[in-house]
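Structures incoming, each one as structure tokens.
Look for chain A in each of the two complexes below; its partner is chain B in the first and chain C in the second.
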Partner chain A sequence: MQSYQLETTQTLQYHLADHYQIYQRVDLQNGDSHWQSMESPQPVTPLQKLPISSPKQFFFSERENLFSFDGECFRETVPEPEPFVLFGVQSCDLTAIAYQDQFFAEDPYYQARRKQALLVGFDCLTPCEYGFCHTVNAGPGVNPDCADIILHRQPGGDWLVLVSSLKGKQALRGLNLPAADSQALVGRDQQVKNCIEQFEQDPSLAQGIDQLSNETIDNDFWQQLGLQCLSCSGCTTLCPTCSCYGTRDFVDDTGQHQERFWDSCLYESFQREASQHNPSEEAGARLKRFWTHKFSQQTVKAFGRHGCVGCGRCEQTCPGVVGVHSTMKRIVAYQAESAPC
Partner chain B sequence: MLSLTPMPTELVSYYNDSEDTRHFCFRLLDPEAIKKTQPGQFFMLHIPGIGAAPFTFTTPPDSRGVFYALIKSVGKVTRALFNQQAGTTLGVRGPFGTGWPIKTLAGQRILIVAGGCGIAPLVNLTETLLQQNSYQSLALLYGAGSQKTEMLKAQRLRWQQQMPMYTVLEAPGQSELTGTPVDVLDTVLGQLGEFPTALLLCGPEIMMQKMAVKFIDKGLAESSIWLSIERRMHCAVGLCGHCYLHHSYGCADGPTYQWDHYQRLSAGDTDPGLVIPSQI
Partner chain C sequence: MTIHSKSTICPFCGVGCGINLLLDNNTITGVEPQASHPISRGQLCAKGWSTAYGIDTHDRITQPLIRHKQSFKETSWDHALAFIGKKIKDIIANHGADAVGIISSARATNEDNYAAQKLARAVFNTNNVDHCARICHSPTVAGLNMTLGSGAMTNSASDIFAADVIMVIGADPTENHTILGGHIMRAKLQGTTLIVIDPRKTRLAKLADIHLQLKAGSNIELINAMLEEIIEQQWHNKDFIHRRCEGFVSLAAALEGAMATAIKTTGVNGALIHAAAKAYSQASNGMILYGMGITQYVSGTFNVISLSNLALVCGHIGRPGTGINPLRGQNNVQGACDMGCLPNVYPGYQPVDDIANREKFSQAWGCRLSLQKGLTSLGMSTASLQGDFHGLILFGENPVVTDPDQNQVRAALKKLDLLVVAELTMTDTAKLADVILPAASFAEKDGTFTNCERRVQYIQQVVSPPGTAKTDWQWLADIAQQLGSDKLNWKTSEAVFSEMARLTPIYSGMSYQKLKKNHGLQWPCNQQYPQGSAILHREQFATSTGKAELIPVHPVAIDETTDTEYPLTLTTNRLHFHYGCGSMTRKSPLLERETPAGILFINPADADANQIHHLGPVAVRSRRGYIETRAICTEDVPPGLVTMPYHFREAPSNQLTNNAQDPVSKMPELKACAVAVTPLAAGCQPRDSDTLHRSR
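== the complex of A and B ==
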């Protein structure tokens, strides 16, 4: 992995802007931030709070046409975006993109966008409020397999640039940055380690994940938890790895079309059939499947990791207090109560 | 890359079967679009501007791309289909899913149990088995609500010339056997003589569950039972998530499951409407 020194990120941003549409995280007055297309690159601000929406929508669009029909022929409507860069993605969200890259490996709509994207990751240096990325091997340092270029803010304010893909190497061509020395890499490891040590210790996360992974939790627990789930889809919408979708056909002046849109396996009607048979009628059954799907051994077998990247957005948004931290605490408490004396 | 775009398909003709049920004849405009199918596999039928749903082939596509499906009008898509005129261009994707284990069935004493429109995924299988004639014995137990709703009367009469056939209707006095297939199983097994070595099920999930458990109690191996399940589907290629059965997707791993696999998956669910074997 090649490494360079960089005084200010704007040098890199302006260089990339010659070839890519730049998207950055923009801070809002209320302390939140969101992803936005930039006319011209803006200075990078330290991350105060994880953006409430992950960059999932850049690849798996919240709503998109799949095909159109003109009365005789069906025409696939695969998008053709210009090259773009997501500048400053956190390690958890990058891990989620790598997960979805596998899930949507054969999906032409996802891949049409994905192949046009350059991912510039930022190492996190301080824990975010709900995050536990280190517990699920998704941060706070960016995994080189998940980004094209990694930026690491050094104590003096300069940046260490790590090139982690051929695409990243090509994107830096012509920038002529000075090489970083090996001490810079040691310094990065130390800062990431310091960040991990700052995370609040919550043993229930690892314990709960173990219980879910072994599928040892009985149905009574899920029925109890289901009472608190409002089936609102807040968690599945914000989850950077959730990928369920529905389809809808519609007619407009240009013909007949089918679009897909983000759906949620936590909706009561998600599996309801035309006959009204519904295999997952109860919220508890849906929660059980949601959480075991995230943390099952089958998911690890299929994707090489859990389906959760520890961003904590589900905890942040859930009005019923059954996000990941709350659920894991409840699992650990329930299992302790149920354990034979 | 996979494709989510349908292939243009002509609705050639249709004829009524039973109440709210019709046989539809379709023709793929490109006969090469679907080359080979297995009995029990399915296709997605798109009604442009309305929606799509999964259906089974009762007769698979021939060299001209012509195929048949037996469809009941139940929801938005099927109601719209029943309003289409012959000659209309619709869309088809497929074939999808895992079919019945034809090779494994050779040399076996096979009992097919179908409930209601669950007979549709068993039509192509039955025709194939009769044609191959490689089984030891073959019988069908079919259950429906009443004479009005029982399906495939003509086909079943034809099959009856070649194999034992039992029909049970829930409406009293409309058939020799009254009730559900589960109710009359012992009577049917008594008449069959030899106990089956392979059981194939398709119908309401609760009926299939009860039937499988009865057979296991009577000594049939779990691995000798197969069932075809129904699930809501949007993509049919394992992406949209709607057809999940615990860790499995019905569109790809199913709709045909071996009982022991299905049972393990079902035990992971808590559908209150289903009879989980361990609770029986």
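== the complex of A and C ==
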């Protein structure tokens, strides 16, 4: 992994802007943060708040046409985006993109966008409000396998640039950055370690994950918790690794189209069959499936990791108080209560 | 791909959650919640998450349509407006100004609503203006005005976290006001005591500390019993009553025997009533939240007064974590009321029959104004059937699906000489129109919405309207021009707001600039409260004396009781997944998939007795109509009660409902009527209302 020294990120942003459409995280006045396309690059600010939505929408579109029929011909509608860069993605969301890359490996719509994207990651140096990336091995330092370029802010305000892929190397061509000294990587490790130490300790997370992964939780628990799940779809919409979708046909002036849209396994109708039989009619059964999917051993087997990257978005967005922190606490409390004396 | 995100306010219920619309150029691709929003705090309900589907452009009306025999043909705005202008002139010339009226929309902005009532009053010269608050919270406006002097939520959403006892009565917030329902669940998990009073086992009832499962329509009996118990046990707040209330002695006297009556009539045992009375009255801060299980009865206004009595006697008002808090249905139903889209008041609840008010508005608008109160929406229907009302302009409402006694509503609208409907998509009401105007959705215009906690929030135009669709205040101004008036000739929505704020004392301290900061302002916002008011009635009440009125109320029986022919009571409810007539939410493939298009909830015992099976087809009949739908057998409804949501045009509950009205507010009794439910042959499909209509 090559490493360089950079005084200001704008040097890199302007360089990339010659070849890529730039998307950046923008902090709004009200404190919210979200991804936005930039006319011209803006100075990068340290991450105060995780962007409300993860960048999964850049690859797996919330709604997109799969094909159209004009009465005579079927027409493929695979997107053809210009090259673009996501500048400053934090490690949890990058880990999720790597996860989605596996899920959508054969999906032409996803891959058409993904191959045009350059991912510039940012090491997080302070914990965010609901985050627990270090517990699920998804941060706060960016995993080189998940980004093309990694930026790390050094104590003096300069940046360490790590090039972690061929695409990243090609993107930097012509920029002639000075090489970083050998101590820089050691400094990075130390800062990331410091960040991990600042995370609030929540032992219920690891304990809850353990229980889920060993599938030791009985159905009574899920039944109780299910009463609080309102099937709003917020968790699955914001979850950077959720990938369920539905399709429908619709007609407009230009013909007939098939649209794909984000679905949610927390909807009662998600698994309902045509006969009306429904293996997950109860909200508790759906929560069980959702959390088991995120943390089961089968997921680790299939994807090489948990299906949760510790961003904590579900905790914030859940009106029913059954996001990840709340659920794990309830699991631990329930298991302690029902444990034999 | 150009991705942006623009902040606005959710267009569904009265909670007023902050949303960002995600845009790819001029297309809305999705929604995200605003983490910084003071109410929604980064959360949304299923409807909110589906907002983008609701305003999809592929089935929108994009050009004015004019009736041509049994169908419609596209026409120009000029032609449509000229046609409307001429018809209105003719009707006024032949039948007088009170033969026309406007039904405005609780979904539209304050600016649109202000323009609607001004068109009726200043241009048509009639007070015939109303909107759907008539069928949700008109008893709240009437009842709380009498007792507290102000008919709105006394506290704020955040007070849910400041209460140590929350009492939810006749409301199902996790379905209808989901984010507030979630707040209540969170508060309960954090230790707040939750009392739920509801005939159904709602989600909150299942989580509650105390659930009083009363019989539908016995609210007054139950509340009076609580009051009697509180006074008998000396749990009432004597100091508060002494300092701030009038009428305690006659209230206390009128309560005698209330507990004994309640035990006989409500179906709730005395010990539970005692426990609820104790918990609420002994709370440091007790908060009441209520919904249409209080208002949609012939006793609606009295129900509201009884709740007001309860809060006042316990002194739970005027502080954080207390109050009497109606949960409003539409995103801007509070605003539509505030704007004076009611037949008896100008903007800011200034009565039209008060000469000083008339002078004030007459001078401001430069015209003569009528001193006579106008017709309510149901009054317009009745007058139409009687041949006294001839021309109606209606926007953003679908009364054919949402109003009681559908057959009557349809007949009344059909009888009009002119029906103008402005809409996003073709609704059942629009199908009856002479002219349909294409309206801009909330994402396609600037303006303000006022949520149920009186918070006025700015919404910005995010995309351009499809085709030639216009903002409501713009086409309302065009109609005024056809009638030779330039009184609605504003250039911007901000200019509409400024004019309104000058004339509306509770909004007088507001401007767009101030609203854009800090997620809006709560009224009253004026010289005295420049930063708005999170809590009403802190020091004194808004009555003429400054004191609250305790008014004794006696039980009122529901209008239509069961008998051998119609042995079950039908009440109406709503589902988390749908909103109103479903014209927006049913465009989401996800929400549409959640339930069959029309359902009836029935207790398994009643289902068994009638050979009805879960999800089986059933016929439901009342004295007014007949529908076919599917049964869902559930213990959530008690034996003897069946419930239906009104979202589905295929099986409209309003074929069945009763339009007997609360004498004070003219609220129809949507919450109780007598029905018979019978099974249809197994395997047969329920016929939808269109098929049934054709076969008649």
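Please note the rule applied: the second predicted complex is superposed on the first by the 339 of 341 C-alpha atoms of A that agree within 3 Å, B and C clash if a C-alpha of one lies under 4 Å from a C-alpha of the other, contacts with A are read in each partner's own complex, and residues count from 1 in each chain.
In the analysis below, a contact is a pair of C-beta atoms (placed from the backbone, for glycine too) under 8 Å apart; a residue touches a chain by one contact, two chains touch by 3 or more.
All figures in this text were calculated on a predicted structure; none of them were measured in a lab.
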Chain A as common anchor, with chain B and chain C clashing or fitting: fit
First, second, both or neither for A:263, with chain B first and chain C second: both
Partner chain(s) touched by A:47 [first = chain B, second = chain C, both, neither]: neither
Partner chain(s) touched by A:61 [first = chain B, second = chain C, both, neither]: second
Which of chain B and chain C A:250 touches, first, second, both or neither: both
Which of chain B and chain C A:185 touches, first, second, both or neither: neither
Included angle at chain A between vectors to chain C and chain B, based on C-alpha centres and rounded to the nearest 10 degrees: 80
Partner chain in contact with A:75 - chain B first, chain C second, else both or neither: first
Least Cα gap, in Å, left between chain B and chain C after the two complexes are fitted on chain A: 10
Contact residues common to both interfaces of chain A (with chain B and with chain C): 246, 248, 250, 263, 272
Residue ranges of chain B in contact with chain A within the complex: 1-8, 46-53, 74-78, 89, 91, 204-205, 230-232, 234-235, 237, 239-247, 268-274
Residue ranges of chain C touching chain A (in the complex, touch as defined): 1-5, 7, 20, 22, 29-30, 32-36, 41-46, 48-49, 52, 58, 174, 178-179, 181-183, 185-186, 189, 203, 206-207, 519, 576-577, 589-590, 593-595, 615
Chain C contact footprint on chain A (complex, rising order): 21, 23, 28, 30-32, 34-37, 49, 52-53, 57, 61-63, 81-82, 84, 227-228, 230-234, 237-238, 246, 248, 250, 252, 261, 263-264, 267-269, 272, 276, 316-321
Complex interface listing, chain A residues touching chain B: 66-67, 69, 71-76, 103-104, 106-109, 111, 215, 219, 222-223, 243-251, 256, 258, 260, 263, 265, 270-275, 277-282, 284-285, 288-289, 292-293, 296, 298-299
